[in-house]
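Note that the chains take the letters A, B, C and D in the order they are written out, and that residue 1 is the start of every chain.
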Amino acid sequence: MQIAIAGATGYTGLELTRILSAHPHVTISALTSETYAGQEYSSVYPGYLKRELPRLEPLVPDAIIAKADIIFTALPHKEAMRVIPSLLKRGKRVIDLSADFRFKNQKTYERWYQEHSAPGLLAKAAYGLPELYRSTIKKAKLVANPGCYPTSIILPLVPLLQQGLLTTSSIIADSKSGVSGAGRSAKTASLFCEVSEDFRAYGVFEHRHQPEIEEQLSSLSGSTIKIAFTPHLLPMSRGMLSTVYTRLKKSARTQDIQSLLEKFYKKEPFVRILPQGTLPNTAAVRGTNFCDIGFRLQEKQLVLISCLDNLVKGASGQAVQNMNIMLDCPETTALNMAPLYP
Amino acid sequence: MQIAIAGATGYTGLELTRILSAHPHVTISALTSETYAGQEYSSVYPGYLKRELPRLEPLVPDAIIAKADIIFTALPHKEAMRVIPSLLKRGKRVIDLSADFRFKNQKTYERWYQEHSAPGLLAKAAYGLPELYRSTIKKAKLVANPGCYPTSIILPLVPLLQQGLLTTSSIIADSKSGVSGAGRSAKTASLFCEVSEDFRAYGVFEHRHQPEIEEQLSSLSGSTIKIAFTPHLLPMSRGMLSTVYTRLKKSARTQDIQSLLEKFYKKEPFVRILPQGTLPNTAAVRGTNFCDIGFRLQEKQLVLISCLDNLVKGASGQAVQNMNIMLDCPETTALNMAPLYP
Amino acid sequence: MQIAIAGATGYTGLELTRILSAHPHVTISALTSETYAGQEYSSVYPGYLKRELPRLEPLVPDAIIAKADIIFTALPHKEAMRVIPSLLKRGKRVIDLSADFRFKNQKTYERWYQEHSAPGLLAKAAYGLPELYRSTIKKAKLVANPGCYPTSIILPLVPLLQQGLLTTSSIIADSKSGVSGAGRSAKTASLFCEVSEDFRAYGVFEHRHQPEIEEQLSSLSGSTIKIAFTPHLLPMSRGMLSTVYTRLKKSARTQDIQSLLEKFYKKEPFVRILPQGTLPNTAAVRGTNFCDIGFRLQEKQLVLISCLDNLVKGASGQAVQNMNIMLDCPETTALNMAPLYP
Amino acid sequence: MQIAIAGATGYTGLELTRILSAHPHVTISALTSETYAGQEYSSVYPGYLKRELPRLEPLVPDAIIAKADIIFTALPHKEAMRVIPSLLKRGKRVIDLSADFRFKNQKTYERWYQEHSAPGLLAKAAYGLPELYRSTIKKAKLVANPGCYPTSIILPLVPLLQQGLLTTSSIIADSKSGVSGAGRSAKTASLFCEVSEDFRAYGVFEHRHQPEIEEQLSSLSGSTIKIAFTPHLLPMSRGMLSTVYTRLKKSARTQDIQSLLEKFYKKEPFVRILPQGTLPNTAAVRGTNFCDIGFRLQEKQLVLISCLDNLVKGASGQAVQNMNIMLDCPETTALNMAPLYP
């Protein structure tokens, strides 16, 4: 099976390359980059010296179509929806890491992003969260890979929401992300000197992942859900932690919540419910496709805490997980790595 | 005026030394350390070479009493309350950075810490948050310097609580601290390899600063207040940010909240209400005694965000601010430094 | 093939676990730890939840012998030489990550470390640098895995020394290491607050890796070689870079040096000579078993620069490479990972 | 005394602002920035809220001339030499932080930088290293503030060179700098994700500070000196350490070298010769104007190690030290800060 990565030199493109170059059932046949077209991948990322990879090329849909069966698009939003329709028309399957096809509601997309240039595809795209949409993903031609914050917030909440245990009017998600989430573009705000030894909130009530979370939680729970979402920027490269504050409708025992979560994710290879009383930390999932979940309960106040690597389960690892599902490979293929620690 | 620092080689003792060695109206006449007694301060902290400082000595109350008028105790709790009564008896004024005298309610202290060995002093100690207790501090013989988390959470909340604007049943404080808050003792959990590129919550519902915050907020607002408090550990040395989620009883305009906060702290040199729409970041207060406050409002959901340097406004800077008040110096003396950035 | 890791909870033990748990031809049958004996590996390192690993046990030679064919000893020196003879006597093969069997010259060992309790084994141990001792390693019962600094310094120098191109009296190695090299023990000097935003030299002319480098370089070049060796501590977890200053006896062209290095390491899977004019960086080898080498030449002044991950090619990865050789597996088995970047 | 800072929003401009806003004898009357002209300083650096500072303005020489007696130019080279002549013509004194006036030899400047547009000023500019050129600086109209690497390398070498103790043909300077030395411009190479957990050499034999060091060492020692200079990039914001390898012509005792260095810098407030056997570290000088020097000697091999804060003694602090000399203030005015540690 031949695969292509469009946008291969950003951090999510790089992470796709890292994971897919170790995948036993696929071959990377094309890597695109506008900035570095014509260069060897190892001239951009010298860590890839001595690895067999195709030379970087500009993104020309016809060229990609000729080379690949499955195409990962790790492009900025807007650019993704410009390119993807032509790939689908030629029978290719696409896993898109941008936000362009994550929404079912076109108006929501357009309010938070921009006019949509391929709205007809919104209904056809599968939301690529395997734990919740596995069967749809399996057959999909187009998978919209979820945002990193949404993945970290939806996974701990859904088991409780689907049981109707939560007061849905007061969910608060306080999330913290490593700076690789801001990508590799040269911005003053992402400089080492600006990020190191600093911590800040940003985009409170204004972050584009908020409507994505709300659309998904509403759809998955069957009722309109609004959340208060505060993202923060951590002085580190990789890792995301969400502290989710909820209220139970009725008191429950810690053991009940533990069992509910464990049962819900019992068969999932990449969601780990931590032993009772234990809270997750980002370093334990660094470089892996895991989402770790722990919680604390005090009377009706339930605090859920989830951790993932924003570039893996929050982006490229999840994309490969989706590909494995689409290809009917074992879902953990090429994703079974232990964390790099320290 | 002669001052002594008991426990001078921990991080808060070091920070007291940094600030007080530049203070024009006091002289450091004694520095104690059990571990390094007999050594020069610069042999522990080579950055202090060429600065005139007394040699480190063991903590012998009589020796300290002979040398100093004001004594800063930067000792572990329990040890502080063992030493302080004898200092006070000899007429010395004490600024204590431990938790031992922060509570009015002895039972609360004993539930969260241990048996109190000098409970008679609890009522006499001033809670050293100058913005709220300035006149009491001025006359106090014993000042209990507040915890870092409490300072960062009480300052943004009090103006709103005292106006009765908040629903008091649902206050959530999601706080994040640099690792210097854990002190200088050699613990695996504080190693570079364990902290760098990691982020985690700890002590949810169990942190000892929670009852301190609750006692203060209750006392200052005149009604019993419980909060949900989740501290997290940041991969950085200095800095603290608290994201405080509250609900207004009635809708308000952003401008109203802005005015209320600005008015409340109008004359305060160390509390900065950021321009409307701006959120604080820890690096902007690094090394300074400022507490910066910003907020976002959406309907009734009000998110307050505060930043401070946990070793300065969260500990030693605030202690010196208290001393300045006690000595009737201008409150900003030796505390007017700009942040070290980057 | 069953393998055991003695000292499995230090950083090199952890790294062995990371690599070997993904090795297709071996099974980890025992993991020892004195501190955590009786606990699950995942209770020490939660990143290992959901991975099948034996419970931690105290180091009892008989127990290990019963369970494993090959034993990795990731123990402090002195402890290693106390345990290893009994393992060898029972026919086991041992790969030792300590310094205890790295020296041929007992006196050198004893001058820099302590009295040797198993000097008879020194001659029998293979120095585990595969690029230079592959055939000896293949048959060895005991492999002494090299130090991280020696690996980074010997690899770039040997091709030039063996051709007799260098003035041997003036070799200077200025090396810089991430702090994971100091291990996981709780020391003040390894605290986040002490290491972050700091850089320092340590152990100039006194570091125990110096005699190891000198013994190896002398033996490999056939003449007595002394070097000036200055190690430094980097504010990062993983990674090592050595800047090696040498003088050529006669002028040479850059292309000549490039060819010589490329030819020498042509067939080596884990030594990468960078394209001419390119210098290595540690992040490009993070988490991998590569040693990257670049250089600059100006007249007779040749500066060689090498990079490796101190926990992988500098320790546990190299140990697994040795194991692969001993087992006659392809040498890259379980070691073919791409770097984790960023 | 009114002072202006041209280029006030780069990191050296910011550091000048930090230091000068606490200087008792000068007032900052103008701050220029092309990018942020018209804005408050605190809108660029929120840490400067509540500090009285002039609004940012574009660099218009006539406007600056009208407002200031002394002008600091923290501009990119080339731009500096374009502006400075007009300032000098109007009788202003200028302290230039660029490289434009550091060389006496115009050809050297032009070989490494570009054509010089004001070569007539080269002879008149004082090289602003106070420890070596104090009397010239005192009277100078134009001070060329030294590069950070040159400061760190010249200070430890000069005492030995002036005594004729060193073999001058084999001096090697292996230097390591924090990333703030690369300035605040948005470059991929300075992103947090690229710098954190990475270490690399750059510009070996090609760095523009090499000819500056060589011109100064030659001039100060009276003989032509060439050095091998290898700069490296540290994963930290501030701090520089140079490891300087030299050979003594004749053997000496450690005590002799110690005495020579101590004597040479006996009266200098900002050069600290560490106690014998002690080596410096960058954190001990963070935020201060100190250059700390230690060394190790083995037979004739002498390794000198120096540390400074590249933004303070390596740039803006040294510039203020020069200003103090020019104004006949005590040299330590506004520069007597203790390090911010941790």
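Operating definition for what follows: a contact is a pair of C-beta atoms (placed from the backbone, for glycine too) under 8 Å apart; a residue touches a chain by one contact, two chains touch by 3 or more.
These figures come from a predicted structure and were not determined experimentally.
Asks: Name whichever of B-D and C-D has more C-beta pairs touching across its two chains.
Replies: C-D
Asks: Name the chain whose C-alpha centroid is farthest from the C-alpha centroid of chain D.
Replies: A
Asks: Chain B to chain C: how many Å between their CA centres?
Replies: Centres of chain B and chain C (C-alpha means) sit 46 Å apart.
Asks: Quick check: how many Å separate the C-alpha centres of chain C and chain D?
Replies: Those two chain centres are 39 Å apart.
Asks: If you average the Cα atoms of chain B and of chain D to get two centres, how far apart are those centres in Å?
Replies: Here chain B and chain D have centroids separated by 36 Å.
Asks: Can you list every residue of chain C that touches 2 or more other chains, as numbers and ranges?
Replies: 11, 180, 193-194, 196-197, 235-238, 280-281, 283, 286, 342
Asks: In the complex of these two chains, what residues of chain B are touching chain C?
Replies: Residues 11, 179-180, 184-188, 190-197, 235-237 of chain B touch chain C in their complex.
Asks: Under the stated contact criterion, what part of chain C meets chain D in this complex?
Replies: 170, 172, 174, 176, 178, 193-194, 196-202, 204-205, 228, 230, 232, 234-239, 241, 243, 245, 279-283, 286, 296, 298, 301, 303, 305, 307, 342
Asks: What part of chain D is in contact with chain B in the complex they form?
Replies: For this pair, the touching residues of chain D are 11, 14, 17-18, 21-22, 45-51, 180, 196-197, 237-238, 269, 272, 274, 278, 280-281, 283-288, 290, 292, 336-342.
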